Amino acid sequence: MAVIDFDQRKKRDLVLIGRVAIDFNPNELNRTLDKVETFSMYLGGSPGNMAVGVNKLGKAVGFIGCVSDDQFGTFVLNYFKERDIDVSQMVRAKNGENMGLTFTEISSPTDSQILMYRNGVADLQIRPQDVSEEYIANSKILLISGTALATSPSREACLIAVRYAKKHHVKVIFDIDYREYTWKSKEEISIYYSLLGGMSDIVIGSREEFDLMENIPADSGIADHELAEKYMDLGNRIVIIKHGKKGSIAYTAEQQAFKVDSYHIKLLKSFGGGDAYGSAFVYGLLEGWKIEDALTYATAHAAMVVASHSCSNAMQTAEQIKGFIETHKDEKVITKLNWRDTI
Amino acid sequence: MAVIDFDQRKKRDLVLIGRVAIDFNPNELNRTLDKVETFSMYLGGSPGNMAVGVNKLGKAVGFIGCVSDDQFGTFVLNYFKERDIDVSQMVRAKNGENMGLTFTEISSPTDSQILMYRNGVADLQIRPQDVSEEYIANSKILLISGTALATSPSREACLIAVRYAKKHHVKVIFDIDYREYTWKSKEEISIYYSLLGGMSDIVIGSREEFDLMENIPADSGIADHELAEKYMDLGNRIVIIKHGKKGSIAYTAEQQAFKVDSYHIKLLKSFGGGDAYGSAFVYGLLEGWKIEDALTYATAHAAMVVASHSCSNAMQTAEQIKGFIETHKDEKVITKLNWRDTI
Amino acid sequence: MAVIDFDQRKKRDLVLIGRVAIDFNPNELNRTLDKVETFSMYLGGSPGNMAVGVNKLGKAVGFIGCVSDDQFGTFVLNYFKERDIDVSQMVRAKNGENMGLTFTEISSPTDSQILMYRNGVADLQIRPQDVSEEYIANSKILLISGTALATSPSREACLIAVRYAKKHHVKVIFDIDYREYTWKSKEEISIYYSLLGGMSDIVIGSREEFDLMENIPADSGIADHELAEKYMDLGNRIVIIKHGKKGSIAYTAEQQAFKVDSYHIKLLKSFGGGDAYGSAFVYGLLEGWKIEDALTYATAHAAMVVASHSCSNAMQTAEQIKGFIETHKDEKVITKLNWRDTI
Amino acid sequence: MAVIDFDQRKKRDLVLIGRVAIDFNPNELNRTLDKVETFSMYLGGSPGNMAVGVNKLGKAVGFIGCVSDDQFGTFVLNYFKERDIDVSQMVRAKNGENMGLTFTEISSPTDSQILMYRNGVADLQIRPQDVSEEYIANSKILLISGTALATSPSREACLIAVRYAKKHHVKVIFDIDYREYTWKSKEEISIYYSLLGGMSDIVIGSREEFDLMENIPADSGIADHELAEKYMDLGNRIVIIKHGKKGSIAYTAEQQAFKVDSYHIKLLKSFGGGDAYGSAFVYGLLEGWKIEDALTYATAHAAMVVASHSCSNAMQTAEQIKGFIETHKDEKVITKLNWRDTI
């Protein structure tokens, strides 16, 4: 039985609000950024990647966001249009704001650093008055990336989008997706994250991100399941807490807990897995699958993408993911936990 | 029976968060501001006035706010200290921000205009990290003025103050107190007002302010009682909607509604009544009175203050208000309404 | 013989560019600002006062500046219009900027402190495109107050005004008039002051202001006459260096130096004298007087204004100043110095 | 005989102040930017390129500038250090400012567009207090790029650098190098360009840039030689006005005028030639050559660089330029003009 029921009369499967960025991934690996000679350009940004991922899996996806009024903004819009991701809700920045850029340094398969361009960035210019109530009302899921909460007016665009979603019984996924840029204080981060976490149906984040949401130290002694309970009490149906290489735990409102491990594959880079994971997980939920199956697809998709040079371009079809899972069927990646187990 | 029960173990009766300003009221009346020759200086700002009012009525009051690092900031701190209003939670602005100023033009007893200085204003510089959880936990009531939501970081200071209040069962009064300055869009106003209105126990505002909170036009056709019901559903126990000279309506969670009229007195000026009203109403609630009695004190206090040259300096003692009510006992100012009645 | 020759075909005697402010002077003297109860409102700001002063002395004056789009801006425009000071070049601020305010604390006749409101101030919003070449071309003198150099776009408005003045042989008076607000560094101050000081015909300032212009310490050991020589070499005809209560020295291109002392009068306040001095000095120059006579009028006017409650309203007619000088003819206020003398 | 005499006791040949940027040039040519797949990274920015160019020609070069506090800033510093360009006067940005980026679209060999990242850019953060008087005093030439005048504090850093240069008889080259970003009005551009143009010894720019400096329209009817005369009168010894594909004219204080044409080579791209031209021209001046010879080297160097993929990496040695000139000795690129001739 599905953990979450969607209103099947809503035509669009997923609408995302937040940032699309441009990724520049180095073609020369295993060196620091200042030694790189050439970069490949890809569409990036966590919600942007997830839009591409869920679309590749065959679902109807729309995006609410602001892109630059230049060739890079055009690149993003074209990329989306060519894949039938709906751009009717995308606006162009009015005051010379640029697309965010992410230059990646791949020092080794397990180690990477990023250099972000987020000064005067277009994606944070989406305004509450740019958000259509009707558009959200006609979507099964609204996915909010926490980066979009970092400053006004994007922050208010998210808050109003969630208000519309709640009013029209649209499910809300809050992907914490913390980026240190533009936040002013720990208190500010905690205020807005916990506001969103108190209004969502699914909340996904690393343990560090949950600590930021609670404004508690790393050594608080609070267990994962206690955090899950808190956000369940506030109305969430699924809480996923990630622990990097140690895997993640998914908690459900039916009081189930699952540990999710990674497949053993040869990494090319250490990023992009999260967006692939999220895309396939959303896909599984939309398909009405059992949570174990959705999680299996999620971790398989993550494995496939971290073995590739890009995030967005490397997104896979459902058939491809299914093939991967069959090839790796000897690996057990989902383990049922007792509620209070830790990893 | 009291509409609201307070936790009597909490020692402080009221803590306010928001703005204190300096009022400059003209000594030459019935002329436009540019023809005025001399001004009298008073402490002002709605929450500042209410702090003074509730203190004058004998209650223990504290203030969370930011004042300028100059002689006017000193004026405010001294004014509070001389009256035993607790200033332990007040901070000085760090980057040259000034106290807000309000120059009033008293064109006639019923007509006045204000000229506000709100550029680079100190009161909006109160930060979430300046707000003490323990301090709020030890107060019976937290009163938030909507003006403090207009921009960061004051906005976040309010949001965290309410979070602490909810956690520690401190009653929250949301006084919408709309001022047009610094807000960026109608959507932004509505987002934050409705967030607060969904977390308070008592919400007070003019009908125009409720329309802003809902982002609905003046001719929406939505009745006052419908708005009251909405905010009751969100957890409020009292909703007060003001209609200027036509009086106000107070709705309670016991499904009672009261019309409150003004006493017939000789006006000196048309402002300051709201803060006097609020102060005496809070006093009545803290005394555990029936709502009718609290409302009678409120409207009597308002009448006394609008007959005076200042707001803060004109605040009255309980004894004085009682005397006024007795003198005017022939005037009926409270009328029980049916829930769906309009005025 | 006159030190400076004016082009008599130019119809307007003086155009000033810079700030007009509103002064609030306390009616209760000899106390700190936070103890004051009432204030009198006057037009203020150094160039504003000088416009009023020169106009009162019967000269044709125009003002280039930006005032607030509210009642205080109207107060300034009305005040000027009533006196036939030309306001055709004055603009209203477009983004809610306010008139600068100066609250004065008169602690004693010789000691005063000011509290300035300069955040988001209208006067600094005058833009280069608001400055008319033709208007400047038709004026005998352009007076620039250094405060207007403190930030863009007012800084550029001054620079273009001087460019037009040089092009059309309009004499430039640079009144350094340092105010600490809005400047970012000592280097920045020195850069723009010395640019202006290198383009003017007359430069007037306190010794402290000359030190700022040179970016040298108070104990540099550089003598006044050396500073005068430097600015003479750059093209100035008159350099006036003030030393507070010790008087001032006026240097001329004819290699003359005069010490100027104050008249012995009963002070009411310690400010406003500089603007009165400047006004009468400009008047004397325009009249073609010998510099000694212009300086005598200047110091007499200063004495008369510091004995009054306001600056602008206290400006005197030529007849009144003449009367004052005759009454005080026993006091010797002008002393011829040797060039290298110090005071 | 040399047009300009340098003080040979000064040890450093050239100090530049202004921007270094990072260029991303597309590896896929003849397509719009949004279709590009990979980019090559080079050091860029006009003064940055010229520093590299003059250094490659064997001269002692130092740079005053601000770079980002990240890997790209490190890339720039390393690039300079490896070539012995002195970085002792370079600072890191303190508030998260980024290196400027220039993405180039090479639509055809003669047509290119750029997409610049200049929001929150590090190079404009160089402050007047970062500029050492002694460092400038010990350089033969100070080269200022007009882009650095676009906003504070970089603008003031340039103004103080020129002040130091004039004081210590360091020759000043003003390369107008207009970029539309960050300027607020045409008047502002004209004010600062003409200030610099009035303090330099050599001014170089396109005719469009001279029109901006003068704030005159394209069809003003003012001839090139009139502009040259104006800037000669202000103290310049050489004025170079460029007319794109039609070549450029160099005017000298000896009343000579030379037309400079381009060599006929196969273009790869249409940018970068100016910096190569400037580098070789400065080299020729430093060598004490006749202006005709310096100009020949300049145009030869330009031809060599536009045939290459980068600007900075493509800079040539004196030997290589000499070789190019000999190979192309049949082409006449320098023509003596009459002073009033036009092209």
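Miscellaneous remarks
All chains are identified by letter, namely A, B, C and D, in their written order; residue positions are counted from 1 within each chain.
Keep this in mind: a residue touches a chain if its C-beta (ideal position, glycine included) is under 8 Å from a C-beta of that chain, and two chains touch if they have at least 3 such contacts.
The shown structure was predicted, so the numbers you read here are calculated from the model rather than taken from an experiment.
With steps allowed only between chains in touch, the distance from chain B over to chain D comes to 2. Interface comparison, A-D versus A-B: the higher count of C-beta contacts falls to A-D. Averaging Cα coordinates per chain places chain A and chain B 42 Å apart.
Looking at chain C, no residue sits in touch with two or more other chains.
With chains as nodes and touching pairs as edges, the resulting graph is a single ring in which every chain has exactly two contacts.
By the contact rule set out at the top, the touching chain pairs are A-B, A-D, B-C, C-D. Residues 24, 27, 32-34, 36-41, 70-72, 74-75, 78, 96-98, 101, 103, 105, 113, 115, 117, 119-121, 181 of chain D are the ones that touch chain A when the two sit in their complex. Within the complex, the chain D residues that touch chain C are 127-129, 152-153, 156, 159-160, 163, 184-188, 190-191, 194-195.
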